[in-house]
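First comes the structure, then the notes that go with it.
Going in written order, the chains are labelled A, B and C, and every chain counts its residues from 1.
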Amino acid sequence: MRNRLFRAAIAPVAAASLVLAGCAATGENPDASASADALVIYNAQHEQLTEEWTAAFTEETGIEVSLRNGGDSELSNQIVTEGAASPADVFLTENSPAMSLVEDAGLFAPVDSATLDLVPAQYRPSSGAWTGIAARSTVLVYNPSLISEAELPSSLMDLQNPEWKGRWGAAPSGADFQAIVSAMLATQGEEATSSWLEGMHSNATVYNNNIATMKAVNAGEVPVGVIYHYYWYRDQDGTAENSGNTKLHYFGNEDPGAFVSISGGGVLKSSAHADEAQEFLAWLAGPAGQTILGEGYSFEYPVSTGVPARSPLPALDSLNAPAIDPSTLNGPDVVALMTEAGLL
Amino acid sequence: MSLQLTGVSKSFGSQPVLDRVSFDVERGTRLAIVGASGSGKSTLLRIIAGFEQPGAGEVRLDDRLLASATTTISAHRRGIGYVAQDGALFPHLSVRGNIGFGIPRSAAREGRIREVMELTSLDADFLDRYPHQLSGGQQQRVALARALAPDPKVILLDEPFSALDTGLRAHTRAAMTRALSQSGVTTILVTHDQEEALSFGDQLAVIAEGRLVQAGRPAEVFDAPASAEIAEFLGAALFVPAHANADARAVCAFGDLPVRHDLSAGARSVRAMLRPSQLSVGDNAGGTAATVESARQSGSAVELELRFGSAAGFSLTHRVPLYEAHRFPVGRTVSVHVDGGVVLYPETAASDPVRSALAP
Amino acid sequence: MPAGVADRKRPPVGLVVFAVLFAAAALIPVGYVIQAAFAMGWQQLADLVFRPRVGELLTNTVLLVVLGVPCAVVLGVGGAWLVERTTLPARRLFAVLLVMPLTIPAFVASYGWASAIPSINGLGGGLLVATLAYYPLVYLPALASLRGLDPALEESARSLGMNGWQVFLRVILPQLRLAMLGGGLVVALHLLAEYGAFAFLRFETFTTAIVVAYQAGFAGPNAAALGVVLAMLCFVVLVIEAAARGRLRYSRVGSGTQLPAPRVELGRAAPFVVGALLVLATAAVAVPLANVGRWLFATDAADWQPLLNATWQTVVLSVGGAVAALVVALPIAWIAARYPGRTARTLEGAYYVASSLPAIIVALALVTFTLRVVPAMYQTVATVIAAYVLIFLPRALVSVRAGVAQIPEGFEEAARSLGVSPFMAKLRVTAPLLLPSLAAGAALVALGAANELTATLLLAPTGTRTVATGFWAAASAIDYAAAAPYALTLVLLSVPAVALMFAQVKARRSR
């Protein structure tokens, strides 16, 4: 008897929760702007940059876009885990290793050849599974009040030496730094990289991200830090609040520290909006998308022929970066090495 | 036309609570069920109300089957009102909301609310008060008014006065009994208080360990309790060894007394029960002699410890008014008289020669 | 219709089925941890667990709990005693000030401190910020216990010649044991689960390391292995608390009394005590809020744009979570209050164990579970809400259970005897009486959900941006100005729920 009583009482509550769950399950999204038909971008690039891109793209083409933001490694591993069931249509990263991971899992559809033709061969993988959409250079940010220009290291590799103990900072948990290490692995080999990472574990102060690293150098917490160039230029262009006391040092000489990292874009094989996805990628690599890099807030390098970088960036081909095929950069091996070194 | 229980039994787990209880309550009469705590009387009430289902037996109201081991009519379809021990007034509703709770919304609703309030001697000023703004007695009267409002065929009262303190209790009981008799509704009261049970109803039922041990008009039950235990439960009783004679008389420590009822069932050794109120103590001769061993004041009375016979005899406590106590100083030999007859019960091995039970 | 002759003590089968199903669902994260450990195999697990990095994390995490919990207990109990049992000047004001840190999410407080003094970091910084953020979780139950204590005990102790301090140490403190243990347990679990606050301060614990591992490899083996260790730490905390509690039970505090308890004269110590409390309030409330305020001046109009949408999404998700938590809590609360016994204890135990796991593990479990078992639920609002239920269920359970326990069964019976059907009786009597408890439970869950970061980040549908994740996106990019409007919104959203909690504690005496 009680049974029935309680069922009667709980019925409306249960019904309410079912309605609620039903709404949720049928894809009722609390974000009013995102419709079920929108192009889903798994975005590991800077949100602000991608939003500049997608706003212009939507305005031009009328194609709605929805972003899922995260880091390179997180989203690439997520796509691999999701496999064919992935809701993603397009994947954008800051660095190449994450693209390689998805490519190796065979989840990318080939990029339209017209799109590939827009990007010079050194800024995209030979496979054509994805393309470069932007580039960034490794730099050493330093605080002249703590260290003179003459004392700066000539190679990134020097930072593993005992004299650098407690004197440099970096953000090893980020994909940016992991890309730099992957370039080191590709150019210097596993043994050298492994011992460098061990040196880093004992020498470096660990920060959450590039901005925090730069901020620490600016505040005099450490004399030098390994970051990407555009964080410094953005800050200088704004208030210079986090970089006013610092200068940049380019390693050049095809040093691992002069590594230019390629940001990638690709279309998922499982995409339900393949045409729109290819259209978006073509638009990114084309003049409209690249000009946003050359003129917009980001200070990242355009990779298409004929689109100049934003002033006052030094020209991309003047940086003397080591030549590396972006598709050879391996994320998981780097993560394993860094885990072994106790950095992750 | 009546409420009828036939062989109602109930157990909780392996614990029997009610054992084949049967009785009828005639329409418009009041029945008091009295029993010690744990005797199963509340469970009996809850079975009638529909909150529990009997394990066996039947409950019928005007020949309509309300409950058996296999079927049950839900509490809300029985037309049986119920007043719980604490009243169970809904704290979120005013007096009006509480009393009107069981009345369908209609034009007559407000009138009915006022009618039952008047019946239960509740001032109309209380209408918009909330339960926490009422005294305990007022709360119980609201609870009764609420139960009466839907015009039920039967009202069940589960120890409705036990939570009230002594003064309030008598007053509330009087007001509620009056309301019930005016409304003419069939009523069952459950209580552990003998006084209450004896004064409340047209009928009295005694329940012990889940069994209905005696039922009848209150005066009859009190006059002739079916067993020594019932006699003792219903009020202070004295038991003395006795010899029954053939001519409806018995000889005991108090002399040769008439037998009102012989319930000894022909037992060889019997004892006589008499109520302390039958005793009177005087300083003249002629009664049974006893010695005042001690005297202790208790309220407006003095309790005398009286010893009969030698040191090996028995003693009992007897109350005399304070203003008479000076007649019975300690050590004085007094004379004890008995009015009215005795009731005979079989002697049991364990029983004391004399029991005094001034308080239950 | 089942036979009605059943034992009165046994709960209805339908209700138990509901509660068992919910409990089984609640144990999914526990199952995930066990499954992850077994799926990896001993060798891989050992490789991932027995390495120096895990040792560092273990040291940090254990130190955090071992140092942080006593600090929080001292601040919480001391504060409650000062406002409730001494002649502290302006004690009504301090009573409110002391609870105010609850309105500031720990990661917002951390942002306030980190943006004010960038050199605050590591264990010291983590301890400072977390202790200041979480001591009210001890303060509130201590305050409630103090208000429920019978002052006659203290008066008797006084009459036996004890002074104020002796009364505190020998009479009051032992009676606050349950409040201290319960509050300490909650603080410990919060410390183990906190992510945002420590990430700002570059203080690495298991939780922050799991997030990093997640970022480096999604729900991969490294995250799972760290999760196994963290889950074990949580269970260790539970076991320690249970052992320390012994046979004591968390029962409802008595109805209190109208008599005011004696207050200890602070005398000449008063200015120092007031000074110390002002320092505490400054550190816990003024510094974070002042920095939010400072950055608000630096925000431009564009920073306010996304706030409306984020607030709307936060409200939808947290209200959804609160309602769902009530639906899950109601059957078990009903069983626990109306049919106490082994079934009830087992079910309740399952819920509490399940809810002791940090949000990051719950999130990892649900990511893995939805992807593998119910792909249709992957990245849906329903999954986020399920996570909120798992994480914040005890908040609803405690409120609803106390609410049910306060409603005598006699009310429904009285209603039925008046000719009202059982359903209508529940609707007209039980529901209105239960409403305040339901509202309180819902408010507490909604407060937690609105401030939730990790599970929301991992589980929400693409395009979701709550106030907390919006704050996080801006603040972790060190865009402090853009983060400030979100921080302000988080504080404002928290105020009603905290006010409600405080009012409940304050109401104890007037009952």
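Going forward, contacts are C-beta pairs under 8 Å (C-beta built on N, C-alpha and C of every residue); 3 or more make two chains touch, one makes a residue touch a chain.
Everything numeric here is computed off the predicted structure, so don't read it as measured data.
The chain pair with the larger count of C-beta pairs in contact, out of B-C and A-C, is A-C. Distance from each chain's C-alpha mean to the overall C-alpha mean is smallest for C.
Relative to chain A, the chain whose mean Cα position lies farthest away is B. Spacing of chain A relative to chain B, judged by their CA centroids, is 87 angstrom. Averaged C-alpha coordinates put the centre of chain B at 54 Å from the centre of chain C. Computed centre separation for the pair chain A/chain C is 35 angstrom, with centres defined by C-alpha atoms. Counting only residues that touch two or more partner chains, chain C has 4, 422.
Residue positions 53, 72, 74 of chain B are each in touch with at least two other chains. In chain A, the residues that touch at least two other chains are 1. The residues of chain B lying in touch with chain C in their complex are 10-13, 49-53, 55, 69, 72, 74-82, 84, 86, 88, 90-92, 101-102, 143, 146-147, 149-150, 152, 156. In the complex of the two chains, the chain C residues touching chain B come out as 3-5, 7-9, 408, 410-411, 413-422, 425, 428-429, 432-433. Interface residues of chain C facing chain A in the complex, by the touch rule stated above, are 1-2, 4, 12-15, 18, 48, 51-53, 56, 118-119, 199-200, 202, 209, 212-220, 222, 309, 312-313, 316-317, 320, 323-324, 326-327, 330-331, 334, 371, 375-382, 385, 422-423, 426-427, 430, 461-465, 473, 476-478.
Residues of chain A touching chain C in their complex: 1-10, 13-14, 16-17, 20-21, 23-25, 27-34, 38, 40, 42, 46-47, 66-71, 73-78, 80-82, 85, 87, 173, 175, 178, 206-209, 211-212, 215-216, 219, 221, 242, 332, 335, 339-340, 342-344.
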